[in-house]
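Look at the two complexes coming up: subunit A is in both, with subunit B in one and subunit C in the other.
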Partner chain A sequence: MKDKNRLFGRFAGTLITLFAVFLTAVIFLLIFSKDKGDSLYYFFAGPFLNSLSIGNMLNSFSLLTFSGLAITVAFRADVFNLGGEGQIYIGGLFATALLLRYPELSGGGGIFLATVAAATAGGLLAGISGWLKARWNVDELISSFLLSGGMIHVADYLVTGPMSDRSSYLLMTGTISEAFHLSHLMPPSNLNISFFGALAAVAAMTFFLYYTKQGYELRICGMNREFAHYGGLNTKVYTILPMFLSGAIMGLAGSSAVLGVHHSTIKGFYSGIGWNGIAVALIAGTNPLAVIPSALVFAYLNQAASTAMIKADFPFELGGLIQAVVFLLISSKILAEKTELLFTFIRGKRGAGK
Partner chain B sequence: MSLKISGISKSFPPGGVKACDDVSLQLKCGTITAIVGENGAGKSTLMNILCGTVTPDSGHFSTESAPVVPGRPAGSAEAGIGMVHQHPMRSSSLTVLENVILGYEPRTGIFLTDRAEARKKVMAIQEEYGIELDLKSPCSELNSLQIQNMELLHLLYMNRKILIFDEPTASLTEMGAEHLFARLKRLREEGKTIIFISHKLKEVFQICDEIAVMRKGKILIHKAADELKPEEVAALMMGRREDINFPERKRPEGRKHGKRLYRLQGVGYRKSESRFLRNINLNIGEGEILGITGIRENGLELLEDIMAGMVHPHEGKLHFNGRDVSRSGPAELRRMGISYVPADRLNRGISRDSSIAENLILLNYKRMHKMGILIPSSIKKWTKEIQSTYSIDGEPQQPIRHLSGGNIQKVILSRELEEKPDLIIISEPSWGLDFNSRNRLHRELDRTAGRGTAILLISSDIDEILSLSDRIAVLYNGAIVLEKERTDLNRTQIGRAMLGLETGR
Partner chain C sequence: MIGKALIFMVPLLIAAMGGLITELAGVLNIALEGMILAGAFAAVVAVDLTGSLAAGFLAAMTASGLMAVLFSVTSLRLKGNIFVTGLAINLITPPLIAMVSKLLYGSGGVIRLSSGTLNLSQAESLLWLLFFTGAIWFVLRYTPLGLRIRTAGTDPDFLFSRGIKPAGIQSLVIILSGILCGISGAMISLKLGVFIPGISAGKGWIALVAVYLGFKKPFPVLLSCFIFAIAESLSDAAQGIIEIPANLILSFPYFMTITGLVLFSIAKKRKQ
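Up next, the complex of A and B:
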């Protein structure tokens, strides 16, 4: 009975949140849009109208799946990675740099090496925070945020300075050779085979967490560190490893954006992927499989806002506003927990009254 | 002002265990009344009722002037009842003065605090009672005695007439305690009514005028201190049960035990002024149960942490099987064959939100994988086996927090026993268990020792210690004051040693 309540409370919380998000969007839309009917239509149906929209939505889904999964892994071990944006950026930059330096690599080999480089770079960047935490108990939340913030500026310098493409008017590095482009699935949209990579990453992470020895150790450390220490587990390793994994998956998001979409590192291409990953993970609630529906909802919201913006007079700022509302509501995911508490409280009161 | 308590009862949870059972007491003004009793006797509940933070199920209490509305802190405050807490609550970022006047600041205008006025008032009280405290210093810099003084100052500032001191000496050094006693006498002369909660009989007899003994929620006796003897009070506190036989015990008494397995040599540890261990020497042989007892806060928890490798001793050595393990953590100790069942079962012994299976395989999963992969079906099968062997309720996938305390203890114990350890450190094993689970647990421990496993039983429950141990050591104030074969000891001796009244090795 109690279990049911809890499950319901959790589920209800998420549904209430999502409902509130859509409601806010509609209310804003009705207030600010002159052509209300069109805006509403494009907001709700827009993402499904043509293969371009669907493809772009699915592409943004795969990027969000990577970043959401990265945050979920950290959550599982009860550590927090706030440096997603920097890790994505650095990951993408390393992948680009490698492919620009060795353009003679074979297509498959180049893609593989670039992906590994991106994951390693992102993983090391986050891993430093994990190590600082294990060694000197430096708060990983702060250190990952600051480290990544610093690295973003270093990367900005590289992208606009030494590595910049002089022939382009954009702030970006040179373009990688066509052999390394990930094949597109629904041209002209951005959807590419990294979509399957994202799904595979979710499957691999689920397998790792629930079916391997190290996954068990990681989850136990995340659940109760004192218990893990008491049981003889090496708790320090499980501060560093989940941060590394988290950063590595962020790096994968970077490489898939670079290899699949931009074909170079553009200044600030990470924007929106890193932070939204946190919201995706919060909705998923530490369950790696739940990252998939959660990222899908987010991708849909993004695409809905942009389609409505292009096709109707949906104001540009509204997209950002909706994201802000999402973030606000989700960070108060406490809502879900509180719903449950509230139920028990009311029931207790009623019981006491009798 | 005198205080009259009549017929107060309170059960936790409603209809469950009676923490207070029809308690009636008359407290005169200008006297210090001690309320003594073991942990869980109901003292704290009674005091919380007096302070209005707990609502009694029935009964009432009143001062000379008027009855007090129970269950309302403000009502108790108006009646002049105030408590110096054992673990005082304070806002550490504020200064002493701000804490003292908190909630009752003299005002200028609508919302500004008149600091000068407040300072004058508080200084006057300080002078009157000789309480030395720098009003400007921030609270975070105070030691435990100063914090206590600050709380007292707060109560005097609010002109409370009935003062409750909840184990005030628990965190004080001997010097600090002397200071406190002098102050209590002074307050008595002022005509305050003082309630002194303690389980240290020595100091109770040193300073109290009247003594009330509480056990299992009842006041057993309330008399003037000079009509009572410490032994008598101790016996009442512990409960006199002459007919202790050992129904669970299967092992022969006074048997010679195997080779010496584990040894503590001059172990010392200092956590704070009042929490320390000094020069602990103990050893235990195969198949032996060594019972270590004492009243909580005399070092039992520290000893548990040190023996389990959770903290390392500041001085002295620990040896296991001839190897120095003074610096070994839990992981290493476990590899050597030491199991550990902690007193803090819910935070250390289990991971509450994990499943029963995940909790059970904590020590065993390393043997259950195939090339690093854990097979869910074999985990489930193994869990079911353990569950049926030890009759543990629940499905393997259920979160463990759904289990009862007794079942949780069985999960922990079975997990530790399945490792076939040479030594088990087990602390307060029957806390929160009902009579039957407790008996089952005792039988299990008895059987385990019979198979040759050494058991270090840390428990503040005398009955448990007496029924299981081969040898008993008593901790008092961080040192071992008594260590003898069980057959050479009786309940009264142990009780007296726990209170620091008897020594012997």
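Up next, the complex of A and C:
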């Protein structure tokens, strides 16, 4: 019973955060937008207006599912991966580099190898932080952020320098051959088969965490590392492994964006996937399955902001602001308690009325 | 080169002092970066409007102070996870600045000052460095407030038993760190006479690592800021001799900081 209450409290806290997010969006829109009616309309209805918007929303959902899942795995083991942006960028860049170097690969083989390369690159970048934590107790939260922050600039250098496409006006690498493009599901939208990849990743991660010995041990380490240690588990492994997995899944987000949408590595393409992944995971709690609804909400918010931006004069920065409001409020214990009280109060009143 | 490093390290040190007092009070303050950025922006806007440097500093301290209030309310009053709310402050600042800037200047980009830049000489820089480090050292060591700050970090229950709310001390310290970050941000942007999005360039993070590397003591923190500043001016000097692409230079502070952090952790592990 008590557990049930606590679950409800979490849910209530999430609801109030989402409410605050929409409220912030509306308030800022009323301050900064000139044609307020249009902006409001496109913000709330925009994502569902045509198949292009719906498809783009679902594509954003797939990418957010990857990044949200990546953070969830780390959370589950009680480690923190703050380097999502860099891991996505490096993952995408490795996939691109491989396919540009070996254009003669067959379509399927190339896609497979590029995906593996992206996952390995992202996984190693995050894995270093895990290893530093296990070896010398370096805070993985700060080290993953710093490593990724540094690598972003190195990748920027590669994308705009040695690997840049001189014929393009955009800051991007050369374009990969058409054989390696992931098939689109709802043209002209960006939705592609990585959508199923994201769902499969959730299924695989759920299976790993709940139905395998390693998954079980990882969860034990996440609950109480000391207990796990005295229980004879190698806790160091479960510091490095979840970080590696987390980075690898971030890398998958990178390769999905590159192979499915951009077909090259564009400078800064990771923005909006990395940090939002943390927000998605925070709302999902530590449950990999809950990543799916949580990523849907964020995909809707993303698409709402971008449709309103294109169709009305919705300010571009609002997307970032919305995400930050989630961060400000989502972890609040008091908000969760207060909302829970409010719900109980309303329920009590209704009961008394009868 | 040492003189150059001295000038460069003033804003870094002031932010690090903000990080030091929060760290001692038991608050993980990763919001430094966002608060520096807010200060840098507010300073340029205020100097642009009034032409007075003092107004710039005042505006910067107010803006960063307000961000600190938001940080303290969401993490202490609403009991949010301090890491997540700190991240929120860093994430909320750039879009807020861009929106205000659009409202004031019609664009969310670079704001250039025609006059009124801040020029610190080496002697003045040294003076400010010693002043801020000394002041924080004195407050922490010899005043009741300093004692309370340290106790809030080490033994909050004891503080509570003496009728002082640890959360009150912590929120005071967070706001103080916000004001310090405001000064730091104002120094960064007013020295260049321009605000560029992302002008804080990881200084908040470096400041935080300087706090760890300085073993959470004022004068050692000063020393570790100095080391970072020397490294920065070294890479500046290297730029003149061998051509290093700008993007790679931008990555140096991150890699330097992580190297410092790893060395610190190794030293700490050896000690145990």
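The rule is short, and it goes like this: the second predicted complex is superposed on the first by the 328 of 354 C-alpha atoms of A that agree within 3 Å, B and C clash if a C-alpha of one lies under 4 Å from a C-alpha of the other, contacts with A are read in each partner's own complex, and residues count from 1 in each chain.
In this section, a residue touches a chain if its C-beta (ideal position, glycine included) is under 8 Å from a C-beta of that chain, and two chains touch if they have at least 3 such contacts.
What you see is a predicted model, and the numbers here were worked out from it, not measured in a lab.
Trainee: With the two structures laid over each other on chain A, which partner does A:211 touch: subunit B (first), subunit C (second), both, or neither?
Mentor: It touches subunit B, and subunit C stays clear.
Trainee: So in the superposed three-chain picture, is A:157 touching just subunit B, just subunit C, both, or none of them (first/second/both/neither)?
Mentor: It touches subunit C, and subunit B stays clear.
Trainee: What's your read, subunit B or subunit C touching more residues of subunit A?
Mentor: Partner with more touched residues of subunit A: C.
Trainee: With the two structures laid over each other on chain A, which partner does A:233 touch: subunit B (first), subunit C (second), both, or neither?
Mentor: In the superposition, A:233 contacts subunit B only.
Trainee: Once chain A of both complexes is superposed, is A:169 in touch with subunit B (first), subunit C (second), both, or neither?
Mentor: Neither subunit B nor subunit C is touched by A:169.
Trainee: Which bits of subunit A are touching subunit C when the two form their complex?
Mentor: 28, 32, 80, 132, 136-139, 141-143, 145-147, 149-154, 156-157, 160-161, 275, 278, 282, 315-321, 323-335
Trainee: Could you pull out which subunit B residues touch subunit A in their complex?
Mentor: The touching residues are 308, 310, 329-335, 340, 342, 347-354, 358, 361-363, 365-366, 369, 372-376, 402.
Trainee: Under the stated contact criterion, what part of subunit A meets subunit B in this complex?
Mentor: 2-3, 210-216, 219-220, 223-224, 226-234
Trainee: Please name which positions on subunit C make contact with subunit A in the complex.
Mentor: 70, 74, 77-81, 83-85, 87-89, 91-92, 94-96, 98-99, 102-103, 108, 202, 205, 208-209, 245, 247-248, 250-252, 254-255, 257-258, 261-262, 265-266, 268-269
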